[in-house]
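The first chain written gets the first letter, and so on, giving A, B, C and D; residue counts start at 1 in each chain.
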């Protein structure tokens, strides 16, 4: 996958790498937004706008001062006010309000923004055909809810089910867990070999969502953008594993290891 | 003790390591919840749900975004609403409200969750016989209040008193302080040899409570889970002591040293 | 540029290095104030007073406890209450309210404080002649709005346009982007050679603004103060680039690298 | 001074090292309380209780979870409610309200707690004779206000004026600045040789106040406690200076270097 990773253009400015919109975090799950935000910023996004509650924004801003905030951003999107100038959008981490999510998705589907849909925003749903890509990032439990297929069946045949869903729905399907499967609507299929059980802890999926937002906002080829995000996410856990106990890994550590991990690929 | 420490199963997901419920922290003692939370997350818990006030949650979330929050969780438990899907529960650090604590304990005793009872939740009390274990973690001052035995008498005969209490009450008794004693209701007795006077500072007990929650949520054998938590807690202070002044150690440093300390035991 | 960098006088006290006033940050862009604040403190300012909202101050204070706050400081300045004892003032990062900004600038123009004007405070405007310097720090997009010249034209002739503006308006003009141009009203012109595309991310400009505030507050020669701030800002990104991926650089990392970068120049 | 530094007793518990009361911080100067708190905790205090506003406590608790808080603690002290079980008290950093300070001091003078008086709590005042020590920590500007002697005169004759004040008022006088002078009522006089101009930045005095609170709470000999705090405070700046630019030093860095600095003296 590394071959497709672009060198950062030296005459670039922050606009070159795109502005991402992250709709995430709620008063009882504020951390999801923070983890996704750190993931996006450490992955090289140009600018990051986080739509979340004022309470959550107050929590995040001290840790990621590099981000901007749209207070009650989810509600604003539901009302049709999608911030201008975005390059891609991720929705879902730490969002509990299904009605607001559905409303926001209907608005977002009308835009030409690539959409990453994760966590609370994943469900049984038909995806419209549209110009920009939709990327879903379920773990097996979420994929089971989306498809009705029991988890053990999914796990026995991960490639089959991921590909089937990707082709039927026309969405990029990232089926997470050990050896994450990435299935594209055109039949392309990747299996990731990086990562370890240190990632089996709350929050690591949020980190991946932020990384995807950054890679999709800043890279040209969407296939390699998705694959690179998954690949580097796992690499961080593997680098950690060289000197530290897997069980001690936190989702935020993953992001903090990115600058070192990505160094050899720029 | 190390022999019993399990290797992290490579096909694991966060569910494999359990979700712990932490009831801790109040407006004037918010840090206790944070310290216990960091301890739990660094010890490999799958997911962590912290029941605390909204004010306290706002303080914690920037530092441990990996956790989820149940605002006013203690009150919810008193009202019989124990969050679903928990593997174990810890209660006490930074909790001043005795009435709420007693109410919550009555509800928790009815569940089949292993219970870690510490700090504000320790007192003179009869423990019911139930299926899941109860683990008490008093320092000598708290043990004195629980038993009526004066501190100097306890300290002269730590093994005797800890074992007596464990057997009479049917609870695992962790009598803290230099050479922490762990007494089990079946008569088993451990004496810990790790740790140093750097741990003699406010907050280190909260860290241990979080570690216990994680080990009990994620390991199979409860005896080794308890013993490992106490053992590694001390190891961190001993690692610190190699290069830093004992008096400079903070409770949060203990947790941050865990990934390095546990590396050799995975 | 390094030749002009002064050694820190050993008998100095905090008053020796000046107190800077930073007017920055708003509820949806709190981080700009934090980034500028970290930049100022790491660059050796004597004391820092940040005028911002109470909400923003609550976010910043845990991360930069070294600063003092004037709640609603922008409004206070509009009302003519400029805090006493300041050595220089920076205004703009994270400020959206154009009317308040104009009001504050009218008051600040009357003082004898060197003024750094950035971000939200940049616009099409005539600058009064006054005793203390005015320093503007536009990126090409902002410079385009200030001058009416389209970005591509500016970029083709950066030195020309920067110098023209500096001389016509009598202000020091820092035209940012790769090879930042610094143009002085007297015709002096610097082109910076440090920095890289890692800086092409939201927030790095805020860091520079804080650095400028510190160097102007604490150094005697304003030309070298401005040039040094720009130069060291880029050096930090270059030091990062030696071991870490450019895309992983955050604006706050720039400031954290300053103590190491500046070591060889003291 | 180092000779008098005690080894940390290995059978110790947190009570062994005392609980300190810190009255500091206000809504516009919250950081002073944080800096003093970090200083106290890194210096080995047993427990720390910080009396400050709820707003300030919310800012501090994420950074120093090891501390406990008394909301509106200054007001409580004014009302005669001094928290029980304290070993020493420090008052002043970040406190603007002169009336409340005077009220609190009148109450505190009646206790048998050693009192450290700094910053906002320093002023022209007669100190009562009492059993426990009073320690004042003015910089030359504050000492000038306390004594009426102009700063240049003080600076020309630091030992003379510090000793005169100490003897006339019966208080330990720490006259800060390069070569801090410590004068005792019995005529003993120390001049500190550690530290450098990196300390000439807002907040470093707050750090020292916290360190003094810790050393006085935990050490037996008050003379060496005061001298050690001043000595180690400077040592941290000198250690920093070996690899980092002086101007980049922050007050919180001083505290973070303490564990390494004190290692050789335990």
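The definition used in the following text is that a residue touches a chain if its C-beta (ideal position, glycine included) is under 8 Å from a C-beta of that chain, and two chains touch if they have at least 3 such contacts.
In UniProt terms the chains read A, B, C, D = ADP-dependent (S)-NAD(P)H-hydrate dehydratase.
Please read all numbers here as calculations on a predicted model, not as lab measurements.
Overlaying chain A on chain D by C-alpha atoms takes a rotation of 180 degrees, rounded in steps of 5.
Each chain's centre was taken as the mean of its CA atoms, and the one lying most distant from chain A is D. Both chain A and chain B derive from one sequence, and where they touch, under half of the residue numbers involved are common to the two copies.
The mean-CA centres of chain B and chain C are about 48 angstrom from one another, to the nearest whole unit. Centre-to-centre separation of chain A and chain C, using mean CA positions: 34 Å. The multi-chain contact residues of chain C, meaning those touching 2 or more other chains, are 58, 62. Those chain pairs judged to touch are A-B, A-C, B-D, C-D.
Every residue of chain A that touches chain B in the complex is listed here, in rising order: 27-32, 34-35, 55-56, 58-60, 62-63, 139-141, 177-178, 196-198, 200-204, 240, 243-252. Of all the residues in chain C, the ones that touch chain D in their complex are 8-17, 41-48, 54, 57-58, 61-62, 64-71, 218, 258-263, 265-266.
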